[in-house]
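Each of the next two complexes has chain A plus one other chain: chain B in the first, chain C in the second.
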Partner chain A sequence: MTPEIVPCTTAQLRRRLELLTDHRMAFLGRDTRTDPVAMIEDWFRYVRARLFTAGDGLFGVVPNELNPHQAEIDIAVPGASAAEYTALLGAAIRLCRTHLDLHSVVRIEPNRDGRAAHLEPAGLRPIGVLHGCRFQDGDYHDQRLWWGQTA
Partner chain B sequence: MKQLVFELMRESDVPDWVDLYTDAEVQHNINHRGGVVPRDEIEREVLGRLRTGWCDERMFRLRTGSGTTVGYVWIRHIDHIARSCEVLSMHHRNFRMRAGLLAVIATYEYLYDTLNMRSVVHEVYLGNRMMLAPDRLEALVQAVSPDHCNSLGTRRTCCWWVERKPDFEAAQRARAEQFARVRERVAGPL
Partner chain C sequence: MPELRGYRTRDAGLLATAWQGPLLMATGGAGPFAPPPPEPDGHWCRVLVVPDAGVAVLDRIDHVHRTARLSVATLDAPVVDLLAAALVVAGERLRLRQVIGVLPTGDEQQTAAAALGFVAEVTIPEHVWRDGNAVPATIWRAGLDDT
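The block that comes next holds the complex of A and B.
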């Protein structure tokens, strides 16, 4: 059965961001361990993010202002299995093509990312590693990037 | 060595900033917004950044000791926790070659020492003619997105890399040692 990716209401967004906070999951570059939910909501409005429910989690799309057919995406689903992630991400990428006219997507690794292993089966390919991109907890941390075609 | 002065941009600098931003060479290196967005809208955007965007971005003017504007530096996506940011520099034509390196060094010194950043993320589109030779760019790049920027009539590949504070300090030490060697060769041992 194809999983549903549904536009997220304001109330759902708040509840799900709180859920991600409980699971210490970062999302779309925002760290729920350091950024308050209200701040993340404000940032989503600023970058005109499209947000969807995906299972018990969130799928988000931030348009690339330099290319209208590309966007940054992320998905965070607390407790999801590998198979659930692959199915949800596959459906989300199809929606990017059919409803948002996106030709390609980029995903930038957030902090503490346990989701990376599920991206490649869903069609995203690694395009590099930014070495020492962020400094936190007294040390430098790398950040990986993925790219995928929506069709 | 002449010092350049790095100072916060003022609202009175905005017209000059827009002149430089819409310069054909600068537009070629970034995007082509100057060709599709009216000047007063760009001015409003810059004023908005100066008045309310200071949490995530800061804009600076770089000038000589005598007060001549060398160029502007726009620091974006400041992550105060991860202590990283992106930087966009643009220099007036007279300062692109001669004072360009000085301006870049002054910018990084400010980012690392005064703003206390630890990493700078660089984003350059293929076809950039100003900052780096292609072989130098190839050596630096850590990630490549094939269609990131739709400008100049084509989808342009985007190259990203990170420079960390220790990388910058090592490059500065190497430059100082090279300069000392040259000085000793020319002037002889003191």
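The block that comes next holds the complex of A and C.
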């Protein structure tokens, strides 16, 4: 069954951000462990993020101001298996093509966790790192980037 | 070195005229299809100006990771001078650890960026829409503080 990727209501967003916090999952540049929900919502407004439910988690799209056919994306689904991630991310990227006219997407790693393993099976390829750009666990870490076409 | 100061409402015309989008260096003024200028209010963004010359925008500021995206635009003043001044503000006044900025890959300004300490980090395919095509762009990073 094709997983549904549908726009998130405000209530859904808050519940899912709380779930991400419980699972220590950062999302779309924000650290749910330290950023209050109001601050995260303000950030989403600032970057004009489109937010969708993806399974029990979230899928987000931030438009690229320099190219309307590209966007930054992120996905966080607490407890999802590799197969579930592949299915959800595949559906989300297809949505980017069919409904948002995006030709390519970029994923910038918010915090290091196991989600990186699910990106290449979904068609994203690593393209490099931003050195020392992320403070996590008491030190500065490199931030990895992935890129992929939507079709 | 030009002296930057914080944005005031009387700088709205300069911002709208100079801004060409979030590019590390841009000069010549906004064309008719330039993206809207950044919102100067709020804690995610600082707009700095040299009156009648140009603007430096630090946005997506994150004081935990001590990073920001830097974009500098001038009308016809030397943009590299404004970029140098913006780096001083970013490091010494805002205590950022590094800034990043975007240039189309192969842009003529990249030599000047490298001379100011920027390092090419990642090239993103199709990152900039230019003259009807999606062209690659490189994210450049300048370290300001090793602590």
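To be clear about the criterion, the second predicted complex is superposed on the first by the 146 of 151 C-alpha atoms of A that agree within 3 Å, B and C clash if a C-alpha of one lies under 4 Å from a C-alpha of the other, contacts with A are read in each partner's own complex, and residues count from 1 in each chain.
In this text, a contact is a pair of C-beta atoms (placed from the backbone, for glycine too) under 8 Å apart; a residue touches a chain by one contact, two chains touch by 3 or more.
The model shown is predicted, which means the values in this text are computed figures rather than measured ones.
Once chain A is used to superpose the two complexes, chain B occupies space that clashes with chain C. By the touch criterion defined above, A:A38 lies against neither chain B nor chain C after alignment on the C-alpha atoms of chain A. Once the two complexes are overlaid on the shared chain, A:A151 sits clear of chain B and of chain C alike.
When both complexes are overlaid on chain A, the residue A:A116 reaches neither chain B nor chain C.
Contacts of A:V6 after superposition: neither chain B nor chain C is touched. In the superposition on chain A, A:A83 contacts neither chain B nor chain C.
Where the contact sets of chain A with chain B and with chain C meet, they give residues 31, 34, 64, 66-70, 103-104, 106, 127-135, 140, 145, 147.
Chain contact summary for the complex, chain A toward chain B: residues 31, 34, 64, 66-70, 103-104, 106, 127-136, 140, 145, 147.
Interface residues of chain C facing chain A in the complex, by the touch rule stated above, are 21-23, 35, 42, 44-45, 60, 62, 64-67, 97-98, 100, 102, 121-129, 134, 137, 139, 141, 143. Partner chain C is touched in their complex by these residues of chain A: 29, 31, 34, 43, 46-47, 64-70, 103-104, 106, 127-135, 140, 145, 147. Taken together, the chain B residues at the contact with chain A in this complex read 31, 79, 81-84, 118-119, 121, 141-151, 155, 160-162, 164.
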